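Each of the next two complexes has chain A plus one more chain, namely chain B in the first and chain C in the second.
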Partner chain A sequence: MANLEVKNKMSVAQFGVLVTAAMFGGQIIGLPITLVPQAEQFAWVSVILGGGVFFTAAWIMMKLGELYPDRDFTVYLPELLGKWPGLAVIGVFISLFLMVTWLNFNQFSKAVAFFMFDRTPSDVIVMGMLGVVVYCALQDLGTIIRVAEFTFIVSALMMGTIWVLGIFNFQPENLMPFWTDKPLGILQGTISIWGVYGGYEIILLLFPLIDRTKGNLTLALAAAIAFVVVTSIVIVVLTVGVLTVEGVKSESYPTLVVVRSVELPGTFIERLENYLLVAWIPSVFKTLAIFVYVISQTMTKIWGFADHRPWVLALTPVIFVGTTVIDGLELVKLVDKAVTWLGLALSWGIMPLVYFWAKRRKRGVASGGG
Partner chain B sequence: MSIFGLSGANGEWRQVGGKIRLSGILLVVLISIFIGGCWDRRELQDRNFVLAVAIDTADAGEKPGQSQAAKQTETFVQPHGDKRYRVSLQILRLGQSGRGGDGDSQQAGGDSGKNGGKTYVLSNTGQSLFEIVRDTLGQSSKSLYFEHIQAIIISEAAVRQAGLKPILDLFLRDAEMRWRIKMFITPGEARPIIEYVPPTKEAGGIYLANILRNHPKNIHVAGARTDLGNISVMLSNKQDMAIPRLEMTNNIVKSNGVALFKKDKFVGYVDEQVVAGAKYLRAAEKSAIITVPGDSPDEVVAFELFLHDTRLEAHVDGDTIYFTLDINMWGNLGEYQTPGKVKGAGDPAFVRRIEVKTAEEVKRIVLYGKDTCQSMGVDILTFSSKLKTDHPKTWAKVKDHWDELFPYIPLVVSVNVVINQLGEHK
Partner chain C sequence: MGKTNNDKQCTFGKLSDILPENNLGRLKARIADLKQLTKDSAELGEGMFRIVADLRAVAAPGDDMFVFTPKLAQNVQLLKTVFRDCDDVKFRFFKTAGRQAVLVSLDGMSDTPTLEDNILKPLMQANTSNFDLKQFIEEKLTVATVNIETHANIAVEAVMSGNALIMIDGIADILSAGATKHVKRSVSTPVTEENIRGPQDAFNETLVDNIVLIRRRAKDPNIKIRIVQVGERSKTGVAILYSANLVKPGLVEEVERRIKSLSVDQVLVSKVVEDAMVEHPWTPFPQLESTERPEKVIAAIYEGRVGLIVDNTPATIMVPCTYASIMHAVEDYTMPASVACLVRLSRHIAAFIAIYTPALYIAIVSYHPGMLPTGLAISVAELRARTPFPSFLEAILMEALLELFQEAVTRLPKKLSGAASMVGAFVIGTTVAQAGLVNPLLVVVTAVTAIASYAMPYYSFGLALRSLRVPILLLAATLGLYGVMLGVIIVTIHLCSLRNFGESYLGGILDVALWPDWKDGLVRLPQKFMKNRLIEFGAQDEKRRGGDTGHGQS
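What follows is the complex of A and B.
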């Protein structure tokens, strides 16, 4: 049995669940609408390629952490790159998580207002969610991990069960032909779904807290990415199989429409999209709680605070204002694009360079070259 | 140390801790169930449940004998657009069905409640269906609630005005609508159909929707993939489509045949035999009764289909595109009509003859359906989608002039029928 008294350490398995919980959240509902217009019936190929691409990015971050096993990136980056360049990279990290948090809050509140509470202003929904997210983020890491474990398992099980019911309307021929004249679309799709995998970057901050004496961290990371790959494949295959490629392009929430199309004759259960949304709420909650904790913890480290809680409270109005400022379809699209490029820049531009630089420095130190 | 500071070494304390934790989890679950709710809740009795919608042209679908003044009262001043559509809403009468003359029926435009029905009808005219629906609240004491809508009936005249898409746009956008709403096209007026009181006295919208739910047993009814959601997908793919036809004559309501649409434009109606042919071709049938003549012309034998294996394949041979359809059917001899004679059906040679005749009949019906669709230029046979999936490169070449090619695409049909049972009485 896990020692529940330990508040600032986690096992490899716990980290695996935490990183999966961070990835599997808000963006999962919007996946087909991002991906299918680009990759069409081969969206599942983009998902698999994306799994490989983003696992490699996460693996590089893990390897970087292994070079500085007892320090997180707020400590070693300024040492390695110099104070200001190091802080700039940390700034990219914070900006990325902050923008993803805004976007997730925004998309979540809009979807819930549209489908469930059409007379409730979306700002009120943001306030409610922000309240519980902040409350969770104010806790210590051990508590957040347990909350994430519980909500992740419950929401993933519920969402999976409901999604799979879409099989009743599945038409395999909608995934055909097994041929495309737009192979570039598959590759574009691969990088455009950073938002679905985004969240693995928490390893930069949490690496020193992982008890690596038991378990294989690479395997845990691979399992986390594999989980997102499998669920994403199920989502895009079912969505295209039910709605066709053109049908997905015409819908604002194709994932919910797939579930809405299910009729269970002889049962009182209907309008399953509402159940899916209900299951999605804890999923978004735990992702956002982790993100807010990670941002506040990073700020705490930079500014030399002893406790992350003042930063959670300080971030609350920033998150609320940022979320509500993103108003209108065009602005949402712009922020989404900016977040994707920022995420890609961090994962495939900055961090690999930092890793190779760090490795070179270490090698230099080891060989006495300085 | 374990949770709550109890000694981890003490097994008894551990058990107590476990029980407390379990109770805590149960408490959280219970609290979540009971505190669930929202400030803008509206009770069932405070809602007007719309069960069916009828859409006519603005000058049709009026209440019998409706005066000009009444027509003026039920509509509104429109800032934009024309008086193009009449939208009639069939609303569930909660609690007081069969007691005509109550408060609800006084507000109702068409009151099927006076006949003992469970619904009444409100009607209004305009162009934006959403604007019409919201203005109809001026005739209703409760909000209109579309979450339980079962059927949409559109008159041929309404759909001829500007196509199907403008009429369905609201139903496809609004999150309240169901994906499995049953769709009908009627050659007459749509409103009288939603005022119809079923003999069962059940709510009309549910009755109409259930007619289509019988399609697995009725080869004449096109109920597979004709719901609002399927139509939405076909509209997105710019596919041709078939929507069940619904007719009401002398208080008899029946779904017979389909209305064919080229993209979203109405082309015409086809009969039950074309529906049967298209269902055989698309493997959309679950069961069917296929009748063939017996050994003498006045005899009729009915084959009941239980199982089939249907394969439609596209072939490309140089510049020639053709399709093959292979059907294997298994079923029972369901009825043997021998007027004026008492004959058995147990002779194996007779059974074989019926199998062959049934196969020929299926082939005839399939080709009749295919020829009719081709003559009308409407590809509900899935030829285009099949060619696209099986031969994407050929499809890329021909898709721009598919409309000219489609009427001349050959189909080679092969049918094999096996009779497994002769029924309980041979």
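What follows is the complex of A and C.
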């Protein structure tokens, strides 16, 4: 890529990392508590099935983008569906990302407050992270991509290293029985983990910015989903293998408990859950920064602004208030459920229909023109 | 009034009795002074008028001082006006070919033997009949560089650069002959970038010498050198060096544009040029790399970068610059690759330690002591119990002391700096801890941090790391490890957002689009594996060897 001009385009590989960074973040710590009660020992099967399901959804969105290669969804949806229906779909997209952002901030601040600052209000933690996220989202896309790449690689390496240490307490028999009488639970688990895969929807906005002359975009998407599948399998298998299914159900943060239980006698390292949390901070940060950028950029396009930065600043209080309003376990669960269904509706309801409608119209235009 | 008022009596007296400073004698003296001042002012005005009139005696085009005429006397008068009160400018009158002539030179800046043997001697021996200046230059004048000047500004500048100006009566053409020779430091070993196995010659303060050091290393006609002048008064030469068939398209033009847009009075150090080139003047991080090592500049040029040699300063600039390029040192290429990899990795770790170690200490000791092994936690608690200050204040105190000593040692003459270092080591290392002001563990942490910042190959980068320590300490003292991580992220965002000439300062180091650059990035592979140039700098020819054999511009 040329170097002197502003870098607002990205290569396929860069997009692959960006979409992985968007998916691999806030919800990864909470995965076992969401999935294991439903799928129990077979949580890993749900993870694999989920990978297939959400890869297909992402692939449909990519195909939709290919029909309008130079335009993003804020341009082609109103053209395709009409102004108000188009804006309604964009509204669903924005609401989804906004709610996921609230949820991620909320869960992150609660976890950090619980393990690191038991006397500090979680709002203070939200404020700190929000400031950093806003600083990043105020940058141009080129910078955000590079920050996301840097933080993703560093945090994934750190988290992976710490997580793997959980193998010291791993007991394979905890994964038994190797068959289930609750196949429905596995299927329920498959769709309930949208939050772990959520983030691939950014392709709707960023597709025209991908330089597709080199590299295979489908492969990049597959690699991104595969990365999340592998890490999620490692997490659920290790968590169940160390804590058992019942143990996971009784813990608020089973992943951190798994790491906490690791002892490395004769070394300098103790209380590994703090290290894991430290490694998790940049991971959550990059996901949130990408989300805030995507929301602000979408708003910028809808309202015809030239610069996304005023929208980042306008969103800051909305994110803070939304995060602090979601208080209490029941409300968090409710929002989590709403986000999951909204995500599923967008990925498996609206966008496939839009894709078929667009394809039909394109075919009609082609046959009419020919 | 006056004294009478004090007595509440109304009496009459002379005005000078009441206001003695207004008596007639003093007023007369002051009027005489005023008259003298008026007279002096009139003379001064007249003098100024004469100077202006002299300069305007001959109509000159817009930005020129004057134009030369065939009348020698008039030309001399004009030049003498320009060089008024410049006693080092010498006018040597002589006869050549039966005409009156003058040689104008700057004492000390021109080579006397050249003036005598190569200019004056041939001129004085010139034939009286059929004197043709151009023919004379071609056949008799034995100096390497001769220009015929028509613009007064250029002629004056030539004299100030050490060239000799020759004016002959009846000839409007003015000759400028190259005879520059001035006091300069010879090429010596590097002072700030010493190494063990690499070349031992370094840039000095003379532009021409520095260009020679580059040319001597690469007999390549594709290496081009453009010289531009900056500084309204100093007229400092800045040489732009690049490889015509490697440099990224548009880079040289952009560099030249930024240099030419520099509007300053004088350029005495290359930092002035550097400041004009950077887009983020407030960041503590150096955005352009500078070196006194010629081989580093030539290596940069062959990576597709641009070198800038500024006259009168040995610090040569290389653009663009990234974190990865700053962390490269010449020694990396003079030692086995496996060792170089380890050295480079340790350098990156040192950069991290230089910023974050005191902050990590504060965060763990103040907020997360549970992360320490029990024995160590007890030992730290015991040590801290002996000191009166909170750990944050202790750290700030140590930082302040360290900075004071560093600054003192840097400023002092060499003979004294050794003594100051000893005092510093004694005070920081022993006395502060013994006095119970700071616990010994923090002394160790601070010392490690300082040593880590010295490990940086580029001094300015080490300074930038030092400047970030206190803000990160504040974050650690406020939010513990969470604050330190926020600090890490802020620094990362800032470094990725710094983009001089399009290159992300830090972003390239883990960018998947620049993946092949890892061979000479975080690590350094053996030369046989480094067949391609770094993608980051966008060189036109990616292959390092066996590629382009052409000599023209591509």
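Everything below uses one rule, namely that the second predicted complex is superposed on the first by the 362 of 370 C-alpha atoms of A that agree within 3 Å, B and C clash if a C-alpha of one lies under 4 Å from a C-alpha of the other, contacts with A are read in each partner's own complex, and residues count from 1 in each chain.
Heads up, the rule we're going with is that a residue touches a chain if its C-beta (ideal position, glycine included) is under 8 Å from a C-beta of that chain, and two chains touch if they have at least 3 such contacts.
None of the values given here were measured: they were computed from a predicted structure.
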Chain B and chain C placed together on chain A: clash or fit? clash
Output check: A:M176 vs chain B and chain C. Expected answer is one of first, second, both, neither. What do you get?
first
Exercise for the section: May I ask you to decide whether A:E330 touches chain B, chain C, both, or neither, giving the answer as first, second, both or neither? Expected result: neither
Who does A:T143 touch here: chain B (first), chain C (second), both, or neither? second
Which of the two partners, first being chain B and second being chain C, lies in contact with A:F117: first, second, both, or neither?
both
The chain contacting more residues of chain A, comparing chain B with chain C, is C
### Message
Output check: A:R271 vs chain B and chain C. Expected answer is one of first, second, both, neither. What do you get?
### Response
both
TODO: Considering only touches as defined above, state whether A:V17 meets chain B (first), chain C (second), both or neither.
DONE: second
The clashing stretch of chain C against chain B, among 147-155, 219-227 or 471-479, is 471-479
Going through chain A, the residues touched by chain B and also by chain C turn out to be 4-5, 117, 120, 271
Chain A contacts chain C in the complex at 1-7, 10-11, 13-14, 16-17, 112, 116-117, 120, 124-125, 128-129, 131-132, 135-136, 139, 142-143, 145-147, 149-151, 153-154, 268, 270-271, 274-275, 277-278, 281-282, 285
Seen from chain B, its contact residues with chain A in the complex are 1-3, 38-40, 147, 175, 178-180, 229, 232-233, 235-238, 385-386, 388-390, 392-393, 396
Per the touch rule, the chain A residues reaching chain B in their complex are 4-5, 114-115, 117-120, 173, 176-177, 179, 181, 243-244, 246-247, 249-250, 257, 260-261, 263, 271
In the complex, the residues of chain C that touch chain A are 248, 250-251, 254, 320, 367-368, 370-374, 376, 479-483, 485-486, 488-490, 492-493, 496-497, 499, 501-504, 506-513, 515, 536-538
